Amino acid sequence: MMDEDRTDEAEGGSGIVKKFMYVNRKAPYGTVYALEVLEMVLISAAFDQDVHLVFTDDGVFELKKGMETAGIGMKNFSNTYRALEGYDIEKLYVDQESLDERGLAEADLIVPVTVLSRAEMAKLMGEMDVILSA
Amino acid sequence: MKFAILVNEGPFNHQASDSAYQFAKAALEAGHAIFRVFFYYDGVHNANMLAEPPTDDRNVVKNWSTLAEDHKVDLVVCVAAALRRGIKNDNLAPGFRISGLGQLIEAGIQADRLVTFGD
Amino acid sequence: MSLLHTVAKSPFERDALSSCLDLSLPGAAILLYEDGVYGALKGGRFAERLAEAAKTRALYVLGPDLKARGLGEDRLIAGVTVVDYRGFVELAAKHQAVQAWC
Amino acid sequence: MKFAILVNEGPFNHQASDSAYQFAKAALEAGHAIFRVFFYYDGVHNANMLAEPPTDDRNVVKNWSTLAEDHKVDLVVCVAAALRRGIKNDNLAPGFRISGLGQLIEAGIQADRLVTFGD
Amino acid sequence: MMDEDRTDEAEGGSGIVKKFMYVNRKAPYGTVYALEVLEMVLISAAFDQDVHLVFTDDGVFELKKGMETAGIGMKNFSNTYRALEGYDIEKLYVDQESLDERGLAEADLIVPVTVLSRAEMAKLMGEMDVILSA
Amino acid sequence: MSLLHTVAKSPFERDALSSCLDLSLPGAAILLYEDGVYGALKGGRFAERLAEAAKTRALYVLGPDLKARGLGEDRLIAGVTVVDYRGFVELAAKHQAVQAWC
């Protein structure tokens, strides 16, 4: 999917490990953010950083099961979330309030996540060194 | 202090690129260093040298090129985002270079602060 | 004749749906597409307001966008009609003008 | 019935252009005519022939060019919006032409319906 | 300001006069919409159409008096609203609710407008032939 | 150390400010710039919520953006500090990280 970037870029961090957080706040397909954030996330795996993925607000829609995109003529990238584990990216967080106000439940999600309250999410965010948001 | 800057919107349509430029200038004037400015999503359009805004308005692309020249600021355009949107060496403005997303992650690691403009 | 109003942005993120409901007249049609389809989610924050609007306006949702986002028709509030792109075209044809709330 | 279509967002970053394309195809299949497709604001980026999306995804720019070729659809890019954003004859994809905003107003007058995609 | 478009395009409508409405819903400077909508509006004057300008939601901010843009390095196009009269574009509408919830009053606006309720605005919109919105 | 949160979008149009207030901690700083400055308008819909936030967070507004939009400092709610681009830089420097809500 996104391998044109993955060459000659490993490390570069010279041993520094920072807490990175990727904040997903946008629904998939309506805009490209969900897809291009994934491309960032996969690259950061190559740098051995401490990666946290947060899905909040409309970002929780990115994880909805059962997407079928043939009818809109766009590529379905939903399975990439399942592949994250293979890159050792396993810290995925969703907040309960965002699910609730959208009529979604944890069972709707395509991958296992840690469900936090919005207050807990705020605390986690407060511990980060670098935050990338979309 | 070493800043990295991420620009996520194209020029003219959104103010994000203007704000990022003003931030970069102010940081340099205050004696800080700019480790890198990275252009992602529609931000890659900032590197389009064919842009020709009305002469009575600012020229966002040229502003960046001038900043790069005057202060040796590293302007990096994401190759994957750029290919998708038609930014290549053919139409790349002076002072920009095209490279991988790893350059953004590296900036996040090496700089003291990463500041994002636009969504 | 009446207007067709279209809403393509998520009502959780933008004010488009809310303004559309304020500024559309009884008798008008409203089509939710792209991220706009989330407005019609059963149990969602906009369910009640849309159900109220459905009493006086004809509500439509674009099926291909719904499917792309992993949502079945069973997830929608009652009173909404699902159409395809052809249906979108026919809605535009049969109303006097189209107002896009984005 | 004669439709005019207005596209206000660039390709890939927003779905607007994809939706407009699906709408245009459906209208033609239903036997309607497309008087014109006009590209404004960031919509002018749809005409950038340098765009090279990943091969496993759709090619929005090529979709429009093909539609123009197959159905003689008039694709017009606003000159003022395009100049600002670096779209010129140098990088204009096949099937598009650059012209003034008057072409949009004319489309609003001549077509039975004007349908807008994106903001 | 925006004359590169105004050549060889007059009329083109062959006598048809439609009710055009331009719906301004975006704040100025943060995005280009306010400016590029004005460019559309000025062109439609050359076509002798029945032009209505609506400012609603954040669009009411476009008409705020006293803009000074030197500090953000962008061009101030605020005076263009004053020039609309010279193009015989005189139907400008603002809704009271949009002003109210933004802490603005009619006296804040740079040009005279007709203030409507949101319900009256809906009715006016319902009478249009062509609606262009941003 | 705490975070600097930035908000560049109008709270009337987008959910950025609202999420920022939910997801920022007491002690954090919040800078409103670009169309985000409208959030701090006296008499505006967000005045009360921001005044409440100002009790536990440091609120800033970017002056050049305020001026561009024809707004004097007298139009802002109490408890907000106006800064210039240099001030923005110093805020970013003195907080541990910057979260952009757009």
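Letters A, B, C, D, E and F mark the chains in the order given here, with residues in each chain numbered from 1 onward.
Note that in this section contacts are C-beta pairs under 8 Å (C-beta built on N, C-alpha and C of every residue); 3 or more make two chains touch, one makes a residue touch a chain.
None of these values were measured; they are calculated from a predicted model.
S.K.: Show which chains lie in contact with subunit A and also with subunit C.
M.R.: Expected: D, F.
S.K.: List every chain that touches both subunit B and subunit F.
M.R.: Both subunit B and subunit F are touched by A, E, going by the contact rule given at the top.
S.K.: Same residues or different residues: which describes how subunit B and subunit D meet, taking over half shared numbers as same?
M.R.: Same: most residue numbers at the subunit B-subunit D interface appear in both copies.
S.K.: For the chain pairs C-F and A-D, which is connected through the larger number of C-beta pairs in contact?
M.R.: Of the two interfaces, A-D and C-F, more C-beta pairs touch across A-D.
S.K.: When the C-alpha atoms of subunit B and subunit D are each averaged to a single point, how far apart are the two points in Å?
M.R.: 28
S.K.: Distance between subunit B and subunit C based on Cα centroids, please, to the nearest Å.
M.R.: Here subunit B and subunit C have centroids separated by 38 Å.
S.K.: Please compute the C-alpha centroid of subunit A, do the same for subunit B, then give the distance between them in whole Å.
M.R.: Using C-alpha averages as centres, the distance is 24 Å.
S.K.: For subunit C, which residues are shared contacts with two or more other chains?
M.R.: Expected reply: 8-9, 12-13, 15, 34-35, 64, 84, 97-98, 100, 102.
S.K.: Using the touch rule from the top of the page, what residues of subunit E touch 2 or more other chains?
M.R.: Only 2, 25-26, 29-32, 57, 72, 74, 130-131, 133-134 qualify.
S.K.: Subunit B: which residues touch two or more other chains?
M.R.: Each of 12-13, 15, 19, 22, 41, 54, 80, 83, 114, 116, 119 in subunit B touches at least two other chains.
S.K.: Mapping chain-to-chain touches, which pattern fits: line, ring, star, complete or other?
M.R.: other
S.K.: According to the definition of touch, which chains form touching pairs?
M.R.: Result of the pairwise touch check is A-B, A-C, A-D, A-F, B-D, B-E, B-F, C-D, C-E, C-F, D-E, E-F.
S.K.: Per the contact definition, I'd like the list of subunit E residues that touch subunit C in the complex.
M.R.: Touching subunit C from subunit E are residues 23, 25, 56-57, 97, 118, 121-123, 125-126, 128-131, 133-134.
S.K.: Which bits of subunit B are touching subunit E when the two form their complex?
M.R.: Counting only subunit B, the residues touching subunit E are 12-15, 18-19, 21-22, 54, 56-58, 63.
S.K.: Touching subunit E in the complex: which residues of subunit C?
M.R.: Contacts found on subunit C: 2-3, 15, 19, 22-25, 28, 96-102.
S.K.: Can you tell me which positions in subunit F touch subunit E when the two form their complex?
M.R.: Contact set of subunit F toward subunit E: 8-10, 12-13, 34-35, 38, 41-45, 47, 63-65, 67-72, 75, 84.
S.K.: Please name which positions on subunit D make contact with subunit C in the complex.
M.R.: 1, 3, 15-16, 19, 22-23, 25-27, 29-30, 32, 112-119
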